[in-house]
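Both complexes below contain chain A, partnered by chain B and then by chain C.
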Partner chain A sequence: MVIEETRRKRLDRGIKVRTESLYALSTWREMAYMILPRLTLILGLFILPLVLSMYWQRVLCSAGIYALLALGFDFLAEYVGLVCLGGALFIGSGGYISGILNAYLDWPPMLTIPIATLGGSVISTLILLPCLRLRGIYFAIVSFMLPLLAVYIIIALNVFGGTEGISALDTFPNIWVEQYIILGAVIFSLFAIRRLVNKDIGLIFRGIMDNDQAVKASGINITSYKTKAVFIASIIGCFGGAYLSHLYSWLGISLFAMDFSIVPIAASVMGGMGTLVGPVVGAFILTPMSEALRGFGQLRVVLYCLILIGFIVYKPEGLMNYLQRKYHQFEYWERV
Partner chain B sequence: MDIHILIYGTVNSVIFALIAVGFTLVYGVSRLPNFAHGALYVLVGFLTWSFIHDLKMNYPVAIILSLIISAFLGAIIYRLVLIRLRGMATSEIIASFAVSLIILEGLRMQGIGGFKGFIGPFYILPPFIEGKMRILGVLIDFQRLIIIGGGLAVVSLLWLFTHHTRIGLSLRGIAQDERAALMLGIDSDRAAVIALSIGSALAGLAAVIILPLGNVTAEAGYRVLIYALAVCIIGGLGSWAGTVLASFVLGFAMIVSTALFGAVWESVVLVGAIILILILRPSGLLGKQKELEERV
Partner chain C sequence: MGDEGLLQVRDISKSFGGVKAVKDVSLSLIKGEILGIIGPNGSGKTTLVNLITGFVKPDAGEVLFKDRKITGLQAHKIANLGITRTFQIMRPYHSLSAFKNLIVPLNSPRVRRTTGGRLGDRDAVAMDILEEIGFERDAYVPYKTASSLPLGYLKRLELARCIAMRPEIIICDEIFSGLSMAEIATMVPVLEKLEMEGITIMMIEHRLRELFRLVNRVIVMNFGEVLAEGIPREVMERQDVREAYLGTEVDSVRD
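Moving on to the complex of A and B:
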């Protein structure tokens, strides 16, 4: 007599070999286990513009900018150990450079955006350089102060359009170009950073975060690596800023607004710090939510901060760490 | 002109010292960067204003009540939020920054439950004593003299408190060596609660002394926080003498630059001073003993 027996089997059993990050894939089914989540994200982002209405397409564009900033924040905070409270600095420097080149010299966006991305990140890295020699909270403090001081300086000296800013910059040809530029940038930088942190340079970055004295004792110049990390993060942020000034065809002191500093942080904490994909997903959840609350004015910021404190105190791992764990623990019944 | 710069520079310096002293206390004792400092400053201003105008309270009673509320808020922030995040520097910074934004943007929030939001230039606290007087030929109002007196009183009382009372000595113990202090029976969490409430009350005290010079706005919260952070970076984080010295350096630098080039250069001087200090003396003017620790 044959007794039918079943047992529960974990989905990743046999795929994961001893460690978290090594996989042995032999069938299409196992390949799908690895590829499906990534493909869902990429295809999902590329299909979104096709199903959204005109208004929400614009929201998608600004969500992409916040996603870029959140990615940079997460990379700096969880892989290098630098807490950047001033994402607005990157947006502001990128946006102002591309806007000024476009308004004063009449260069087209296809030229100003790359120049502003590089120029803006060089400038913001240089401004942040003095506090990179120190550890502790100096980087957080200085990066928090700089965007606010930049606003005071622009108003006081009345340069670059002063309080009113400069309007009527060139825009992109149509809304499809706008959306796919930013979505492409988000996906490209997400996977680029994921590769980067698993290479040797990423190992050094994490070493600096965990024990900088040990890294220094190995004969590695910490400051130069921190500078490289800040430069990478500011390239991502400045691209967002340069894109933003052409998206709204306007530049002004609100490029240094607090929103660009706090939303990426809230998105990272909510999405799961250290996963890199979590902050991106968090930004695509938080931005539409804040758009829906636009009528309530400052309530939006208060709400972000409540979400932020709620997650950081009660669910510090965030959404994506939780989902990833659950996905790997998924079980099915198997006949023995 | 020189006397003018001397007197107004002193007033400006004492304002900086008053603003920064609470932040230094909290950071020095418990290594918590209290980003809600500026928010508490503004909150006390608005609370005092509301107590006087809506509840028709007596001015001194309103001030004392709002200072007590501010001290309680500091303790609540630590008990509810920061206590769960001790030792995780990233989370501490983010959480206290979020608390600060909740308070500041909450004050500007409109239309919820009939709340009109504190927006506009109508929120003015009256000076303690009206009138002006001449010192060495320079016209100065009594409120500015009160600021100088109040600043000196706060700094000297804090010095007495931290050097000659039991609680103050335990706070210094925690600041110098947390483990040794714990072994001697000093409760680190209790010390942090005390430090945060005193720090918040000091932010409030600075607000009620300084705010009668102008009007109360929510945006001032960011500016006050920036001033406090700038003074602490230039003086050396957590160093007492450094804080006082740096407030005088910054206060006079700003007054002199205003007199020479005009008021628009204030922010430029501030940024320049911070960057210069970080390049030349990374741990601040008097942050000597921490040089090895802070500089990598």
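Moving on to the complex of A and C:
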């Protein structure tokens, strides 16, 4: 008896290979092949505010903040090799700086956000700097603990409003500005990071991830490059924090909440680690989902964990890796 | 050895726990030569390379490059001085293609300095280096990710990373091991060409027959110490060297 065995094979679509080099684009079909996915994402995000209710518009804004954090997390984890759980540190430092400038000095958001973005990322980077020598899990742990430290310092010294926080900060002129600022920031950061990882500096980052000894042997100071990478992720995260304090018109210790460090991981795993766009998409799915489950209170954290476990077990590649594969490759069964 | 040594190692020692990996080793590398370092497994050759290139800090002793002390400098600083090394256990950037692997050294301060920041198209420079070292140009190989390259190419990529640094010294840690005769035959001219260009080379090698075709001076290490030094034929005649090698490979070289 002959048993016929088949095995699944995958092959890049011809159009993918052709569109890989920009000069080879000739037909509309090829142009569309390349541009459509990006256009869908951009248009999708920009149309969303127009169709959502006031309540969900607000949710969209916080999804955008998580998207920024997830993007930074994925960039550091998959393109630099640093597992950084510092989301809360970025949100906290960005949020506190912009809030304080606004509350004490009465500077407008137009000014406080850029200053807090820059100042917050300088501070976050400086705080993380001594830990950059740590490898793997140790860096993750320390980056996770630091925000807790900040919380206790604020409570113990009873500064910046202590446990109460400071409320009645300036808000954005209207809900449209509110939404398009964060959506614009998400799209801009996404495409900026995607460009960056293929530039020389991005290749050095990836070299550090693959083999830091070889990078040293190539005369490159890995600490200085890791610092640059963390600074880049901090900028993205601190912008989110600075924006958040004006969005909620409030600053307080919950800006250092664990959620900001954990949700980005869940979003990244769900969306597809290493794709950059995946974690962003993941955040825009996860945040509304958890909002819908608001009634369950702290049980939401259980949800994150379940989703995380579900994806790790059943679809470890995540959504975008799966979709990109379907888009770029066709599959067939080959007899062996 | 007086001032003719481009690189001088003086009484360098290193222990790991109780193991004295390198004990009071002194040697000097003369500008333009190819020096061979041989010795049985575990005799401290790789540790010596790590000590010279700053990857391991010595317990005692010092390394001088152009009469300037370089011990204590960080590894990347030493690399920027022009002392490069390959890794015995190859260290490519797995997720990058072969030629993109070279973009990293091409961005080093040393290369920026020596080219005055006018290196031009780095991809093209990387391709040139790969071609020089035996990657077929325009073939698919330079575009393959390093993780999918066969051993022979990975060894070459190690050497290519050194060449990209525009070095003064290249220290090769067993770049022939695991290669076929044919593959070694293609690497030998590359090394000879580098020597012609004035680059000083230190070769650690177990493949003695191939090594002795390249070098005119060899140092034998055993148990972390320098056992013998001299021209290959004479060194290999010595009884203590033969004993260190237990006669295995030495006999094959004498024939």
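Points worth noting:
Convention: the second predicted complex is superposed on the first by the 303 of 336 C-alpha atoms of A that agree within 3 Å, B and C clash if a C-alpha of one lies under 4 Å from a C-alpha of the other, contacts with A are read in each partner's own complex, and residues count from 1 in each chain.
Throughout what follows, a contact is a pair of C-beta atoms (placed from the backbone, for glycine too) under 8 Å apart; a residue touches a chain by one contact, two chains touch by 3 or more.
What you see is a predicted model, and the numbers here were worked out from it, not measured in a lab.
With both complexes brought onto chain A, simultaneous placement of chain B and chain C is permitted, the two fitting side by side without a clash.
Once the two complexes are laid over each other on the shared chain, residue contacts for A:Leu134 go to chain B alone; chain C is not touched. Once the two complexes are laid over each other on the shared chain, residue contacts for A:Val313 go to chain B alone; chain C is not touched. When both complexes are overlaid on chain A, the residue A:Val177 reaches neither chain B nor chain C. When chain B and chain C are set side by side, the one touching more residues of chain A is B. Residue contacts after overlaying the shared chain place A:Ile220 against chain C, while chain B stays out of touching range.
Looking at the shared chain after the overlay, A:Asp210 reaches chain C, while chain B stays out of its contact range.
Using the contact criterion defined above for the overlaid structures, shared-chain residue A:Met145 touches chain B, although it does not reach chain C.
No C-alpha atom of chain B lies closer than 7 Å to any C-alpha atom of chain C in the overlay.
On chain A, the surface patch touched by chain B in one complex and by chain C in the other comprises residues 213, 216, 222.
Residues of chain C touching chain A in their complex: 53, 55, 74-77, 79-80, 84-85, 87, 91-96, 100-101, 103-111, 122, 161, 164-165. Contact residues on chain A toward chain B in their complex (touch as defined above): 77, 81, 83, 85, 127, 130-131, 133-138, 140-142, 144-146, 148-149, 152-153, 156-157, 212-213, 216, 222-223, 258, 262, 265, 269, 273, 296-299, 301-302, 304-306, 308-309, 312-313, 316. By the touch rule above, chain B contacts chain A in their complex via residues 33, 35, 81, 84-85, 89-91, 93-95, 97-99, 101-102, 105-106, 108-112, 117, 222-223, 226, 229-230, 233, 237, 263-268, 270-271, 274-275, 278-279, 282-283, 294-296. In the complex of the two chains, the chain A residues touching chain C come out as 200-201, 203-204, 206-207, 209-211, 213-222.
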